[in-house]
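First comes the structure, then the notes that go with it.
Order of writing sets the labels: A, B, C and D. Residues in every chain begin at 1.
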Amino acid sequence: MLRVGVVGTGMIGQDHIRRMTTVLAGVEVAAVTDVDAETAKRVAEGLPGAVVHGTGEELIADPGVDAVVVCSWGPTHEQYVLASIAAGKPVFCEKPLATTEGACRRIVEAEVAHGSRLVQVGYMRRYDEAYRALKAVVDSGRIGAPLMMHCAHRNASVPAHYEKEMAITDTAVHEIDMVRWMFGEEITATRVLVPRRSRNGGALQDPLILVLETASGAIVDVEISVNIRYGYDIRGEVVGEEGTAALGELTPVTLRASRQLVSPIPADWRERFRRAYDVELQEWVDSIAGGGRPVGPSAWDGYAAAVVSDASVAALRGGSRVEVTLMPRPDLYADAA
Amino acid sequence: MLRVGVVGTGMIGQDHIRRMTTVLAGVEVAAVTDVDAETAKRVAEGLPGAVVHGTGEELIADPGVDAVVVCSWGPTHEQYVLASIAAGKPVFCEKPLATTEGACRRIVEAEVAHGSRLVQVGYMRRYDEAYRALKAVVDSGRIGAPLMMHCAHRNASVPAHYEKEMAITDTAVHEIDMVRWMFGEEITATRVLVPRRSRNGGALQDPLILVLETASGAIVDVEISVNIRYGYDIRGEVVGEEGTAALGELTPVTLRASRQLVSPIPADWRERFRRAYDVELQEWVDSIAGGGRPVGPSAWDGYAAAVVSDASVAALRGGSRVEVTLMPRPDLYADAA
Amino acid sequence: MLRVGVVGTGMIGQDHIRRMTTVLAGVEVAAVTDVDAETAKRVAEGLPGAVVHGTGEELIADPGVDAVVVCSWGPTHEQYVLASIAAGKPVFCEKPLATTEGACRRIVEAEVAHGSRLVQVGYMRRYDEAYRALKAVVDSGRIGAPLMMHCAHRNASVPAHYEKEMAITDTAVHEIDMVRWMFGEEITATRVLVPRRSRNGGALQDPLILVLETASGAIVDVEISVNIRYGYDIRGEVVGEEGTAALGELTPVTLRASRQLVSPIPADWRERFRRAYDVELQEWVDSIAGGGRPVGPSAWDGYAAAVVSDASVAALRGGSRVEVTLMPRPDLYADAA
Amino acid sequence: MLRVGVVGTGMIGQDHIRRMTTVLAGVEVAAVTDVDAETAKRVAEGLPGAVVHGTGEELIADPGVDAVVVCSWGPTHEQYVLASIAAGKPVFCEKPLATTEGACRRIVEAEVAHGSRLVQVGYMRRYDEAYRALKAVVDSGRIGAPLMMHCAHRNASVPAHYEKEMAITDTAVHEIDMVRWMFGEEITATRVLVPRRSRNGGALQDPLILVLETASGAIVDVEISVNIRYGYDIRGEVVGEEGTAALGELTPVTLRASRQLVSPIPADWRERFRRAYDVELQEWVDSIAGGGRPVGPSAWDGYAAAVVSDASVAALRGGSRVEVTLMPRPDLYADAA
């Protein structure tokens, strides 16, 4: 039984605790902490045997904690991930790995210094059944070499605190990671096209189109529409030399009524990706139980996504194509992406 | 942590053990037994702390066993389920509940005498996402009262030991249970239509069409094709007064290649219903953990399915419509489908 | 330019006149007649050069008429078709060929006596792109021998004058002809299942399920729902030994809005089968222009559909399986069905 | 009966002649001409009563010709269209209207001087059932204002003489016209993205992505893949403020075989757009029969498409965004696009 300590017991922290407690096998929540001590205490009450720590560092140091899940506020990710590496404990860090390129780089360097992988970043698209099926078809060679990918990332709406650049840093970043993984290579340039504004977007520039280029020259367009009202919709089609492969419609039921054949569309990401979160965390637990190494998205993946995301924000501001420059990839991450 | 004892460690028993050990939360396998002691021993080796018992009765009596999962050969189900009831322990019994109507009836009577539900039968269609979505639409009233249902149950092939009547007792029995649950009422009559034989069916009468009638007069046709080669395909459309609702295509990926738009079809039931088995057992664990009662398919459901199945076999032999007669339904099962 | 005379200028007659005048190539309407002389006159006013005749017989005898289209009231079909045969002129007769088995038989006998095909019956499903594609797949052998077919024929509603048996004689008769053509063999038995009634059906027994058996033993189930409100929906899936082939969704546009992925469903048969009517009549014109013989549904097809339809009505009344007995098939129709 | 003269009896000319002779109503081919007199003569042999002219100008002057169809080599379009205008005869000109912006402008000016519409250009997408259904949904306002459109234009392969810029001038030009019509406004800027090359494209830069901007700021991306092997595939999705609308799959039949659910994909544009050509020409015939004016794509549409196409070629060569500048739109075309 893997004993996990959770740093940050806000909404996503509580969701991961629920998952580890009632959905997953082979894991238990042994300790929690939160900047708001009251919240941490209240969450711990539902967890028999769980300890409440005053700080993340204390929790990480607790010998009763085998591995760490970081769900705290983004700017604090760096310190908890670094502390986990220092303690030699596997750490699952919700995205983003860190909020600046420099912080990501420090994590990469710390992990390289440690000498083996400890860090996994929470990019859960890689665990979605449909994306995995899509990648399997692409990797099979049945469509020839992949030349392009068309993506759409649509939200029914976004909360009031959602700001302009979050369309890239918070929303498109999922596609940024997914594209690196799908094509198995780095993104080398980015550009942002700005269509006519939706009246539903308020002060936001909504929608946007991201245009990414990969090392082999593939081009990926990503529509980002975050107030499209009709539902949550994630689409992707990889175009190869001899065919294309696309995310399917995961339609559990179809309805014929009122002159329409209808398939329901999810309301939000929870509905669409619930299982992907479950699989993500179960595979993480399974990979590190018994002293193994994580095999999911690495610190390098977190770093690379951050750099592409920053470059895309620059492209949005500047209006033109921006090249992406990464530090040399350490050997530790030779298999990554 | 619910401690489960497994009676029968053959293929399906081992699959449930794997599930409880590596997929589900809140459960552990505490004891196993099998008519083949060697198999039981070998399976137990992979289960730290699990006890091997010489008989099912010993396992059921073990104070370290909170609940029982019966995966043994069909004809032995009755004895282990009755023993579990006698011991006052929740028991999950793989389908069929028992192999004769009389045996099912004895289980119902024993459970009624016990005074509360202990038995759950392994009809896992009720846990499938698509069937649940279908039932939700039907129950919502959006298609009006349900008048008909068109079903197909297709297997790519069946093993050599599969005999004529298994098309009903082993295959169509899933639809028999599903229809009772979907319409929320009993099946009152059955008939079997015999089309031209498939050359792939060998000595079998393959395919068959079952025609079921429910208490309200709804008619359900069920195509049973067990050697259709192209894959495993489960379909269902409920036709109501104002619309219809159908199982959707759960298509994770679509491929455009070689002049075709292609969606993959599952090879077998494992691929199609894997998640349904997971959900079924997790919900069973959750319902009985802490002394609760099972809420899934009951002994009554197992009994009713057996009676309809027997009547359908009689209809196949006799060639005409056969009415279904059930014993009066005990109050204990007032809520049952 | 083929000069056609139209007997019967009611709704369907006017529609065929519009078709021949504004849609089809190589044909013109040279003469019209109707039991209501005023209607015929008014229709002729829009047709430069068209003659109005007092009776169908006069029209048929008119040397300026090369071929006849019969759109009059069903009970009068026999006399106009027989008169056309007597005149040696090709005649396109809207379905049904005639309203009694005896009348159909007399037409068959007259045509056999004439010695070559002159009669075509208006079963237009055979001209529908989707049915043709379906038959092409079945005939290709890709699904093995066809063993079953599942059909549904759904109308949003039917007019007030629609009576009980019209569900068979007017509605299901399209499937009766289609099945003979699809399987290339005669229907040998029929039975009607009667589900729970729809509250939308008034005094009608609605829906019904027809169960047809073909000469080779294939079984075809046909759901007939004529007040299903949601739209006009025609479905069909042929189940073979190694696969199935089904009518596709002819979806010109899909809409994502209000949490739904929506494909529109036609309101009625005009919308669904408009093109099939065009193709039907164009191919008829093309086949007989220059003295050729019609190749579409023959008098034999009209006769056989009538016999199966009568047997189905008997099955509906009697509640049991009714065998279908046809007269020996004349050599003239060796290729039919 | 409209009497049409056809200038150019090559492949597409012969196809239009076949269409007017055997498919359409109310039209006949009265005269033909071709730069290769032998071809024209041979084609005329199959056309009873058709005259062969030595030149296009003679044909246009023939009083037995009511309207002209121009199917000759692109560089000759200007002269025949201008001659038709000079003769005051309606002229249907296959795309492109002319091969240079200057030539298009001269046609526009000649038609404006004439004072009423005579010219229609052969952009047949506007007559396709699916595009029309798509535009109807967009115009209905159900998706809110259109902000983006995602298109793909894929050919299985292109002939040997297909050169680099034809991907724009010959292929994408269909989308250029369609976008102007779909959005009801002019294209104001264009840019071309160049992905990794397909090994199937030989010396071509294949694929390309065109990025068009419209007057209201909508952005349209158009994937052009002309050697994608798997078939001919035309796709389009308009993204609005509250929903999206997309071209549907016009699937006449679906096949379940070999572990796949399969919908066929057309081999080429003939199969996909055959009906659109029929409708296009029938509507043209209907609009001008009896002295009416054409209502299809105008000389202005032909001019605008040429300017956007030229700008896109410049963008491909130069690598950056190119603005599109049109001459002021004459009142004659106030309703256009």
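Assume a contact is a pair of C-beta atoms (placed from the backbone, for glycine too) under 8 Å apart; a residue touches a chain by one contact, two chains touch by 3 or more.
Predicted model, so just to flag it, every value in this text is computed and none were measured.
Q: Name the chain whose C-alpha centroid is farthest from the C-alpha centroid of chain C.
A: A
Q: Report which of A-C and A-D is connected by more C-beta pairs in contact.
A: By number of C-beta pairs in contact, A-D is the larger.
Q: So how far apart, in whole Å, are chain C and chain D when each is placed at the average of its C-alpha atoms?
A: Computed value for the inter-centroid distance: 38 Å.
Q: Using mean CA coordinates as chain centres, what's the chain A-chain C distance in Å?
A: Result: the chain centres lie 58 Å from each other.
Q: If you average the CA atoms of chain A and of chain D, how many Å lie between those two points?
A: Measuring from centre to centre gives 44 Å for this pair.
Q: Touching two or more other chains, which residues of chain D qualify?
A: Where chain D meets two or more other chains at a single residue, that happens at 230, 242-244, 249, 251, 256-258, 263-264.
Q: Contact residues on chain D for chain C in the complex?
A: Counting only chain D, the residues touching chain C are 20-26, 129-130, 132-134, 136-137, 142-143, 242-258, 263-264, 282, 286.
Q: So in the complex, which bits of chain D are touching chain A?
A: Residues 144-145, 147-148, 150, 152, 193-200, 207, 209, 211, 216-219, 221, 223, 225, 227-230, 239, 241-244.
Q: Looking at the complex, which residues from chain A come into contact with chain C?
A: Going by the criterion above, the answer is residues 230-231, 233, 249, 251, 256-265, 267.
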